[in-house]
Structures are given as structure tokens and as C-alpha cells.
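Below is one structure; the comments refer to it alone.
Naming follows writing order (A, B, C and D), and every chain is counted from residue 1.
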Amino acid sequence: MDDRRERLVALRRDLHSHPEPAWCEYWTTSRIVDELDRIGVENRLVGPELLAGEARMAVPAEATLAEWRERARGAGAREDVLDQCAGGCTGVLATVERGDGPTVALRVDIDALPITEAETADHAPADGGFRSGNEGYMHACGHDAHAAIGVGVLEAVVESDFSGTFKLLFQPAEEVIGGGRAVAESGVLDDVDQLLAVHVGLDHPTGEVVAGVGGFLAVRQFEATFRGKSAHAGGHPAAGRDAVQALAAAVQNLHAIRRHEDGATRVNAGVVSGGTATNIVPERATIEGEVRGETTALMEYMSERADSVVEHAAGMHGCEASVETLAQAPSAESDPELADVVYEVAGDTPGVDSRLRSAPLGGSEDATYLMDRVQKHGGRASYVGIGTDHPGGHHTPTFDVDERSLAIGVDVLSGAIDRLW
Amino acid sequence: MDDRRERLVALRRDLHSHPEPAWCEYWTTSRIVDELDRIGVENRLVGPELLAGEARMAVPAEATLAEWRERARGAGAREDVLDQCAGGCTGVLATVERGDGPTVALRVDIDALPITEAETADHAPADGGFRSGNEGYMHACGHDAHAAIGVGVLEAVVESDFSGTFKLLFQPAEEVIGGGRAVAESGVLDDVDQLLAVHVGLDHPTGEVVAGVGGFLAVRQFEATFRGKSAHAGGHPAAGRDAVQALAAAVQNLHAIRRHEDGATRVNAGVVSGGTATNIVPERATIEGEVRGETTALMEYMSERADSVVEHAAGMHGCEASVETLAQAPSAESDPELADVVYEVAGDTPGVDSRLRSAPLGGSEDATYLMDRVQKHGGRASYVGIGTDHPGGHHTPTFDVDERSLAIGVDVLSGAIDRLW
Amino acid sequence: MDDRRERLVALRRDLHSHPEPAWCEYWTTSRIVDELDRIGVENRLVGPELLAGEARMAVPAEATLAEWRERARGAGAREDVLDQCAGGCTGVLATVERGDGPTVALRVDIDALPITEAETADHAPADGGFRSGNEGYMHACGHDAHAAIGVGVLEAVVESDFSGTFKLLFQPAEEVIGGGRAVAESGVLDDVDQLLAVHVGLDHPTGEVVAGVGGFLAVRQFEATFRGKSAHAGGHPAAGRDAVQALAAAVQNLHAIRRHEDGATRVNAGVVSGGTATNIVPERATIEGEVRGETTALMEYMSERADSVVEHAAGMHGCEASVETLAQAPSAESDPELADVVYEVAGDTPGVDSRLRSAPLGGSEDATYLMDRVQKHGGRASYVGIGTDHPGGHHTPTFDVDERSLAIGVDVLSGAIDRLW
Amino acid sequence: MDDRRERLVALRRDLHSHPEPAWCEYWTTSRIVDELDRIGVENRLVGPELLAGEARMAVPAEATLAEWRERARGAGAREDVLDQCAGGCTGVLATVERGDGPTVALRVDIDALPITEAETADHAPADGGFRSGNEGYMHACGHDAHAAIGVGVLEAVVESDFSGTFKLLFQPAEEVIGGGRAVAESGVLDDVDQLLAVHVGLDHPTGEVVAGVGGFLAVRQFEATFRGKSAHAGGHPAAGRDAVQALAAAVQNLHAIRRHEDGATRVNAGVVSGGTATNIVPERATIEGEVRGETTALMEYMSERADSVVEHAAGMHGCEASVETLAQAPSAESDPELADVVYEVAGDTPGVDSRLRSAPLGGSEDATYLMDRVQKHGGRASYVGIGTDHPGGHHTPTFDVDERSLAIGVDVLSGAIDRLW
């Protein structure tokens, strides 16, 4: 047992020091395949095999993909895996088929964030020598822990007397809400009876388990582009069509979309830019923003109103506008009965001292595509929270996980799987 | 001569104490007709005879017209004139035809403003007993003086050896930019060779004469109406379509119409209103506003952009909008050669100690319709400024004219007319 | 029993035909006192006796109060009651003290709305001859039914073997959220152990009862006033300080106050007005608006941000601003245990075919002041919904109640009171 | 004479192929010093000697300066000049002192723009082999011609029988309005009796001369920075302070600063940016913008209002803001008497077929600092326009000059100087 925990920690640290952003998880995929080899799971789909390619969202430019591929090669990634991960497709689906029984699945995500990791001594990865080796990128949301937990659960299932089919999904590109839909639409999970997904932290301390996280906000991330006409701002101010004026009108009125009686909504104009010089009427401006809703319908309400605001903000200033969806995810709810199983198991798991039947996420997740797909095919799905003390918040340079939570995660999830067949 | 001056002052004071707003100048028209009788000018057109009815703008409701008509009757207006002033048409055109010669015209305006006159002792009309008898209305722009000067000039022309045709227009509804176009389009001034218009004050002191006022801003006054859908703001906030949000977006973006390189522009959202209760999403909102331009083209630039802003502000909030023109006037320039005549005459006029060839108005005037019409028919037009010390600014409760300027106005204008045949 | 129902219906119709707005319920108060006399309840407080005068909100001008007082006198209101209702204070608190036992209270509200009632034959009050006799005002929210139900409950309690103290509050000025706080702060309900409040309709059909309505949004209604400086919009555009530009910036940014993660919020700029003429830079503008929150803290978040928006919108355009609170109410929750009693009773009440333990109001109510006060003094409070088929929505000209619900209301409430001692 | 023209063209082409941006004119300065050597003018100030260092504006970062310095060295710039041009100071002032007489000065500017030059065959520099060698930078405003004309005039003055002092200023950093003030405040032109400045093109064709360009708009370029607080837009929307909302409110209200009755104003939010991710409440945002005025007072009106808008837009959204001036220039007028001299000379100059006494620039220029300085010290100044056919507009990739205008410029300016002593 201790060996296994040490291996889990070592794997998590190795992954932590090799963070790769969405769709660029070449080294990570290779490292996972190594673990599958070690455990002896031969049945696996890699990259394009588990993705409906056209359903991927927020895929970076070819040059970026190529750069990360080379970087992975330099860091020792396997050539066979690099070959398999073609065309901006990463991730692995491992399958254990063993006798009759239901199909149970676990989904973990594996990508990192474009955040520069803290270097101070009080940040354990810095102090412990496993800080990010890809400067400017960081596992600041715990996906390194997720992948390690996934490997741990797989090992536990293989060693148990499990009967049925177990599928373990190492999903790429969650941070950009880019991978969930592509996996869902590939159909590889259509036969799943019970789906578990897992996330560490979420402001829950080590020892606390949330059996069924809910309150996923449906989300749409978009880029609005305004196209006007430049002119010299001193000499010909009225000859221009000012894309920045359009942007400003849009931002103001996006936030002014009326609240909805049916539930929570969100709107954010997260990144704006426009114009080329102080003395030129700006010709082009963009808003990268997002809308969310407590339900998919509420997100769609916001989305339709946002499109209209952008269109009319442009028209008002003589500009053209277009809105492109960057990423999207529905809302979802954890299944209470499946959550009950997790809740029960957690009660028997060493290290767990607090159990919640449910708690809201308050954010978005593309696991909802998978949950939705499984639920629509008649299965159940629950999103499990494994508490971990984290010094900094998610998505901050000082985020870290309490490694004691790795074993708790493995135990709770493998314990639940054990009850599901 | 002294008699004549006294009569001029008395007439001006009588008019001052009977202010009537645009299109309601019933008593004023009657009083002017009395003067024409006294002077012996029989050839006159009244009300509908000098107006292209459908070209009138900003005509008040029938009930308002009727109320002022009754008030005029109560104040002693002649029944024959009240009969002539039918259907919201007021004003007089007096014509003196005498031998061969050019057609020369003078235009004065006769309406008052919805302003409550000052009552303090330092306000001469209050102290002198000729303060407004129509509470809430006031000759706060000197049109009482204009009408008196017109009568004085007519008397002078009649008594001179003038040969040709002299037309004296007492124009209604200048303050709402409502009458000029209707007179122009009636064609009654189409044969005019030389048109003079006159305004007292304009920040020029008594003794100063401006031979050719210019810089008239073309103007369009409009009412924009936003129609949305009401809903309970607490219970169904998203079910409404908020006309006040549309109004706010419109006001902000109307002012944000880009300046124009070709010259001065103006925009004002002068009167706004909308909504019915704090807890109801507003269903209806209106903006009464205006745009102006140093040239008619600049006004049209502003006008087109304003229409677009209103349309898109509405669309942005799911509302409908319409824009109605309330009043409009083109820009115009005084003819330099005609102004030269006035300039020369002013040099010989007692009481004149300062002459300007030109000066900008900085506002709008519907005399521009008449000037434009005459100029397009091959005639000349100039807008003459007769300085007068005025304690309060134009359109304020303490506005007053220095009555010494009445005679100066009569002398300069009749002197100029004398040189024009 | 049938007599009593007929009397109930007759009373409701009498009240329906005499609608009086907030703080003007002179005739209504008098009519209620008549009923108390009939039933024989002498212990009563009227008007100022039950109101902390300085805590009243949204009191109309003295002249309005006087006008409605005269109208009530003309409609036959009692002189003694008119005398008691001094200084803009209306309403009655009837008390039945009978032996030992708890203090139980029922609150009904009595004011009407400034809405013109429908005249069509399919509108029962019009067809039945009890349409509003105060044109422009209407019982469009069922407070006529509330008052009648109150009288019915009082009669039932008096005739029962109730032991303890029963207080029946006929509260004025609910529609403007103006009376609840004043009653609460007067302390007349501080000894109450169990408080019931009642509302008919709320989209629940006849036969449905909601044992504990919740989801009251805390609310603040305010008037923001912007004071700038007028100037001629053509001649001196930059000399003005434009209060309408400030208003527009405020409206846009009020709606753009960020959503809150802790729950629902609302904002509305319900009534706006500003300016005096199309060609004058507006000197003054006002917004009558409101903010709400699912909790009082959320309402206060919105309120603080709104104040800041108004202040800076003014500053941005060189104007001064002030914000005055017109009315305010906290959020509140019905007590589940008290609601359980109502729920149980409803199950035994003839005519009730649907029971809900709770349902959200989705609006605001100043009963929350009373509920909050009682709860803070250690008592319980529940807000009971009595379903009634209503053809038009609340606050619309065709609103009406199904008079069968009057008896249901009386039975459920008096039944619950019977269990509370 | 033909030799001289050929040399002029060659020099202009050499400069054209070595464009350097503001404050980076190392090679250009060196090249000019070479010409001074050739002509034999030893009396010269370089870089820091002619600049009040602290008055320079818009100086690039040290690294940028160093990079251009190295590039200049690589292109053959003289080490002695590179040494002299220390600390971000470039430019030359050449002085010819010869006998008694007035001090006459000519100012030309020498910097290029960050524009990528056209490569098509119809663009003469591309076709003729002297297209920009510094990719991304271009002499797109004719300063290459200005510097060449300056050298030509110097040569002409030296060869003439001029008596007095002649100062020739090769001014750096005009395009960023960054150098004029620093030269003015250094005092090196304080003794100048007659200052000429020159610009080619400005939409005037080859053969047209403007004796005294006017209508310089005073300008202030600024950077406004908004600092808020980031937060997760889904999970904690109200915890953030949104700098992009502040930016949007500022842009809308900057454009909504009221027009001014005293003359033309301008405002532009030329470059905006803010935020880091679609799902993060933006913490920081900036506007690089400008205001202008027909007079310095009008620019200051706009500038004060802009500062207030920025401050309150920030406050409205709970952010902090600061505004930094990037560059600034006053308005100025050419002296009519000095312009008359140029006008007369132009009449006698071969190749000149059209003369204008004056014409408006419609833009801004930091020559106004120099003109203002000379005028305040009792001298005269005129800004001379030398027409040149230019296929593309100023500041576009296809701008080019008609090289015939080089000789015209030299002849007109040296001719005028000849009359000024």
C-alpha cells in the first residue's frame, strides 16, 4: 500500500513538472500510456480514436501544436504515442473488459493552464523540486492529481475481482472547455451505465468528500469581432467607423442584459482589444467573453441577447460584427442515487471526516457533455469532489494539492466502482 | 418723429404684455392688423393665405389652439381676424405696391416663449407695468421689438417716395422653427429681389449693427419613441423589453457621434421620459432632441447617424423605435453685397456707434428657409442684427430690450430699403 | 354559514368599488371599523396609534391626502374615524383578548393601485356593478379580498372558544412598501407568538393553498436626482452640465452592476425624466428605480453599488446627484413549523384540492418587516397563499378574484389559528 | 544645378531606405552630419546638446533605443555621432554665423513611422530599389524629403551672400509629438527672429505652395489605466472590480464630452486593451487616446473633461484610474507678414504654379512648440507647405513624394531666407 501511495505521489509530481496546455498534452499522454503498460492494460484508444474531431473546440494553431509536440519529444515522449496523437488530438481511453456486468466509467482530465507557477519557498512544488518545467504553464487546477488518481483507480480495479467493463477516460482540453464534447460525440461512452467524474479541491479541505457536485453553469465562450474603418482622428474623424466605440457600447450593454427570473446568469467581457494608434480611428476591435446560465436554457437566453447586443452595438457605429463560439458546455446535475453510493463508500473510507451529499460548483466544466450523453443513453452520472487543502485558489500561481488526498480519491472512487457491479 | 418713437415704444409694450406662443399669435395678429389699418395698408394676407399648411411644423394640439384663440378674444382680438386665422394659422403679410421697381421684403417674427417672466423691480417690464399678462409665457427673445420695428419700417416706407413693391412679413412660430418653411413653400416671397430679416440683441449692445449675420446652424428637432414590453421587474425581469435601457443607450451614443472635420455639429437629448412605475420594466420611452450642423450637410450627417443610433439602441434591447421630425431648418449665409448696403446705411444712422460686416449667430433660425428660397430664386438676402443692451440673456426670465434700439432698427432698415430701389 | 359567505362577498364587493391608494384608505378604514362594531370588537387602534409615524415611507403630499379624505367623507366615511386617521395615517389593529394563551396575529393589507379598471362585460366587477367608483384606481391585487377575509377570520375567532390574544392588522400602504415598517417599528406586534399573513392568487388557482410562501426579494426603491446646469444647446453647448447625459450613464451602468454569486438580484430604472426643451442642455433629471436581492445582504450590495453608479455618473458629466430612498423592505422566510400547521389544516379544509408546503413569491412585500420583527422577538411567522382563479394577472386592469376563495381563506386561517393556542 | 538636384534626390532616397522611428534616428543623424561635413558647416549641436532632456516625450524603452543604435552601427553610422547621441537624444542643429544681420531658422523633421512599406511595382521606392530597409518602418510622411530639402537650403544659404545667423534644425521625434517641446525648452531657438518650418504634400499637388499653414489642432495624447480586481467570472462575479467595464464606460463618455461653441474639438480612444481570460473579471485595462482642440484652450477643455470621465468611469465600477500624458502640443498660427514674404518668393519660383496665402493643417504638429517659443520671444514664424503629388495618403503604405518638389522646396525656402536679412 505504501509503495502504491509513493508511486501515486511520484506520478503526480512528474505530471506537475510537465504541464501542457489544452490539446498539447503529448508528453502527458505518453506518460499515461507508460502507466497503462506497467499495469498491463492493452485495450486503449489514443487521441483521434476517442474524439469526434470536428467537435473539438478551441484547438490552437498548427504551429503551437507542433511546438508542444517537439517539446514533448525533447522531454522523452514515446514516438509511437506522438504518432498516434495526430492533428491536435490527445488523451487516452483505457478499457478493462472482464466478465459480465455493467459498464462503469471514470473520467479524469489532464491539461494544464497558461499560468506562471510561484517560485517562493512556501510553494511546495518549488521547494520540493517539481515546479513547472514549462515556464509560463502550470498545473494550477489539480489535473495532475486527477490523472494520478485515475491511474491509481485503474490499478485498484485491475487488482480487484471486478466483473464487467471499466472505462477510464484521460480527457484532454478541459480548461478551454474544448474536449468534453468531442469525446461525447465520438460515442465511446455511449454504452456506459455509471459514469463518475472527479475533481479535487474546489474549496473543500482534505478529508471532505462531495458525493454529487451540482450547479454546473452552462457556458458559452465567444469572440466578438468589430470591423469598422480607420481614419485620421484629427483630420478626418467622421470618415472613420470606430470599432472601439462599438466595443464600448457592446461591453456596457452586455452587462446590462436583464437578469432572468428562472435562475442565475453570468456575463463577462474578459479580454478586449482594439485599435492601432492614439491618432487613428480604430478599425478593428475584439471582445473575448462568455455567458453562463444555471441551466442550458438560461445560457442560451444570455447568448441570444449577447449576439443581438454585439450586432446592434456595431450597427450603431457603422461597423460590421461577427460572433464566433470558442467553446460551450451545457449544465448538468449529478444523479442522486449514484451520488448516494459514493456517499456511503466515503463513510467507510479512511481519511474521510466530512461528507456532503451535494455542493454547487459555481463554474463550468465540459464533463457535463459526458454526463449529459450518458444520462441521455439511460445511464447515471455523478461528479465527485475530493477535498484537498489548497494554499492558493484554483487558477492561481500558488495553487497546490495536499497529496494525502490522492489516496482518498483512489479509495473513494475504486470503492464506489466496487459497489456498482 | 418723437410721436412716432413713442408710438413704437407703446406698441412694443402692448405686444410685450400679450405674449403668445408659436401658432397661437391670435391677439398679436389682430393687433398688427389694427396697425396696418392705421397706416392704411389694405393689401394683406392673413394666416392660411401666406402658409403652405402642410409645411407647418410643431403645430400644437387643437385644444391648445382653441384655448389661445379664446384668450385672444377675451383680450379684445378682432373677430374678423380670428376668423381669418383658421386651423392653426397665424401671421400677416402686408404688401405695398407703388410704381416700378424691385420687390423688397422685410421679415419679422412675432411669437413668444413658454417662460415665466421675472417679477423683480429691476426688470423694467415688471417695474413699468407691461409685464406678461399671460402667465408662464414671455417675449424673452425680443419678437415684440421685431414686430414693432416692422410696423415702424412700414410707416417709413409708406411715407417715403419708395417705388417698387415692399412686402412686410410678420412670421408666426419662429421659436419652434415651425413657420419659416410654411411661408417659404407658400411662394409668397418667390418674387422678392432683396430680403432683409432682423433680430435685436444677440449679445450686441445698443448702438451696434451687424450688417449680415451668418453662421446659422442647420437644425433638426426630433422625437424618438422606444416601444418595448412591460413586465414586473421583480418577478419577470427578463420577460420585459426595456424601453428605458434603449433610451439610455441612445442618449449615450447620440452624444458619441463623432465630430466632423467639415465644421461644427451639435446634438442634444433635451427632454427624456419613460416608464410608469419603479417596479415595472418600462414599456415606452421618448427622447425629444436635436442635431445641428454648421452646414445643412453637417446637420444631415448628424441626423442620419442619430437615426441609426436610435434604431440600434432599440434593437439592442429588443425594442422598436421610430423617429419623427418635429422641426427643421437649413443653414444659410447673408449675402455680402446686400450686407454692404446695410453696413453703409448704418454708418449714416444716428445712434449707431459700431458696425460689423458680419457675425455668427451660433444658433438656428427658420428665417433660413426664407433666405434660401429667395436666394434660389435669384434674389439676395441678409439677416441684420440690431444691437440692444439686454440685462438677461435671450430665453431667460430677465431678458429685456433697450427701447432706444427700436428707432435705430427702423432707421437702419428703412434706410437700407431706400437704397435698394 | 351561507349568510356569512354572502356577507363576505358583499363586503369584498363594497371594498372593491371603493379603492383607495396607499395612505389614503380613509373610507376603507371607516368601513372596517363598521365591521368591528358589528362583530363587537371594541379594542382597536386606528391610524397613528399603530404606526411609528417617522417610519412611514412613500407618503403622498398633504394635498393628495386631503383630497382622498374629502372623497371618503363624500362616500359616507365616519367622522370619528376620519378624525382618528390624522396626518396621513390609516389602518386598524383589532385585538381580542380572551383568557390565557399565546398571542396570535393575522395581517391583511387594504390599499389599492393607480390602475384604471377594465369596463368590458367579461370583467365580473364591471358586469356585476361593483367596478371601481374611484376612476383611475382599482383593487387589482386582491387587497379587497384580504380585508374581507380578515373580517371573516375575526368573526370566526370571536365565535370560537379561542383562548389567548388575537390581533388582526388591517395594514395600510403595502403597494408602495410604505406601511409595513411603520407598523413593525410601532411595536404593536412585538408580543406576537405566531404571525400569519395572507395573499390571494399569485398564480395559484382556486383550491390551492401555499402553507409558507417564501422567496421574498428584499427591495429598495429610490429616486436619484441629477442636477446640472442648463445652457442653449446650439449656442453654448459646453456651458451646460447635462443631467440627461448623467442619467443615461447611470441607467446603463445600473443595469451593468455585476451579478452576485450569492443569489438573485434585480435592478430597474422604472421611471425616468429630464430636461425641458429640445434646445436646452437639461438641468435636471430623475430616475425612480429599485434594486432587489434574494437576501437583504444582496439587496444592500445592489443598493451600495447603485449609489456609487449614480454618484459617478453625475460626476462624469459635471453634475451633482442625490439618492433618496422611497421605500424599502427586507427579505424573509416563512417558518417551516408554522407552515406545517397551515399545511395540515388545509388538508382538512373543504374546497382545498392542492397543497404546497412552500412556493416562491418572486417579488417584494413589506409584510417582511412584520415577519422579521416577530421572528426577532422569538415568534414564528408564515405567509400563506390562498389560490384564486384570476383572469388577468396581478396589477392589470382585468384582475379579479374567484369569490369562492374568500371562504377557503377564512377557513384555512381560522382553522390554523384554532390549532395555535 | 543639375548636380545639386541629383544629389538632393540621392540623399532623399538614401534616407528613404533607412527609416528610423522617433528618438531612434541614429543613422539619419549620422548621415546628416556627413552632409554638414561635405558642405563645411562645423558649428553644430547634436542630440543632447539641443534638447531639454526632461522635456522629451514618448521616448521608447532603453532596449528599443539600444537596438536601433546597433542597427545604425550595422548600417554604417559614424561612431562619433553614435557617441554624441546618448540617452535617447538624436537630431542636429547646424548654425551658420556670417556677419551682422538677423537670426533666421529653418526647421525640418527627420523621423519615420511604424508602417510596412508597399512592395508593389507601382510604388516608386519599391520599383526604384530604395524601399525601406528597416522592415515595418517607413518614411510615410515625407520627412526624408524634409531632411533633404534642409540640406539643400543649407547649401544654398552657404553659397549665397547671406549676412546674419542661419540655424537649421533637423528635429527628431515629430511623429510622436515628442521632440518639439524639448528643442523649444532647450532655448537654442530663443534668439531666432524668423522661423520657417516646412512640410511637403498635405494634399497639395506638386507646384502648389502654401505660404502660411494654420489650423494646427492643439493635442494631448494620454494613456488611461484602470486597475480593478480579478475574480472568477463564473464563481465569484461580484468579488471582482471590472476594469473593462470601467474602460467601456469611459470610452462611451469620452466621446460624449459635449461639443464646444468656441471651435473644433476632437477625441479618440485609439488603442484599448484589457483583461486576461474570458472567464476572469478583468483586473487591468488601458486606453491610449487623445484629445484635440482648435485652440490650446479647447484642447485643455477636452483634456480636463476627459480626466474627469476616466476618474468617474473607474469609480463607478470600483476601480482606480490614472491618466498619464504621452505627448502634447499647443495650437499655433503662421505669422501673416512672414507668410507674405514666402508668398511673394513663391510667385517668382520656377515650378510653382499655384500659391495659397494660407490653408489649414487639420492635424497636430510639434513645430507649434517652436513657433510659439519664437513668437513669445518677439520673433515671427511661418509653416510653409510645399505641394507634392503623393499617390497614397500620408501615413499609408503607398505614400510617396514627387521628387520634383524637392528643388521647389529648396528654392522657395532659400529664396525667402534671402529676403529676410
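Everything below uses one rule, namely that a residue touches a chain if its C-beta (ideal position, glycine included) is under 8 Å from a C-beta of that chain, and two chains touch if they have at least 3 such contacts.
Just so we're on the same page, UniProt names per chain: A, B, C, D = Amidohydrolase.
All of these numbers come straight from a predicted model, not from anything done at the bench.
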Farthest chain from subunit B by C-alpha centroid distance is chain A
Quick one: report the Å distance separating subunit B from subunit C, using the average Cα coordinate of each chain. 51
Separation of mean Cα positions, subunit B and subunit A [Å, integer]: 68
Could you grab the centroid distance between subunit B and subunit D? Build each centroid from C-alpha atoms only and quote it in angstrom. 48
The positions of subunit D in contact with two or more other chains are 235-237, 245, 249, 252-253, 255-256, 258-259, 261, 266, 281, 362
What kind of graph do the touching chains make: line, ring, star, complete, other? complete
How about subunit D: which of its residues touch subunit B in the complex? 252-253, 255-256, 258-259, 261, 263-267, 362
Name, in rising order, each residue of subunit C that touches subunit D in their complex. 235-240, 242, 245, 249, 252-253, 256, 258-262, 281, 301, 305, 308-309, 311-313, 315-318
Interface with subunit B, subunit C side, in the complex: residues 217, 219, 221, 232-237, 244-245, 247-252, 255, 266, 268-282, 285, 288-290, 292, 326, 362-364, 395
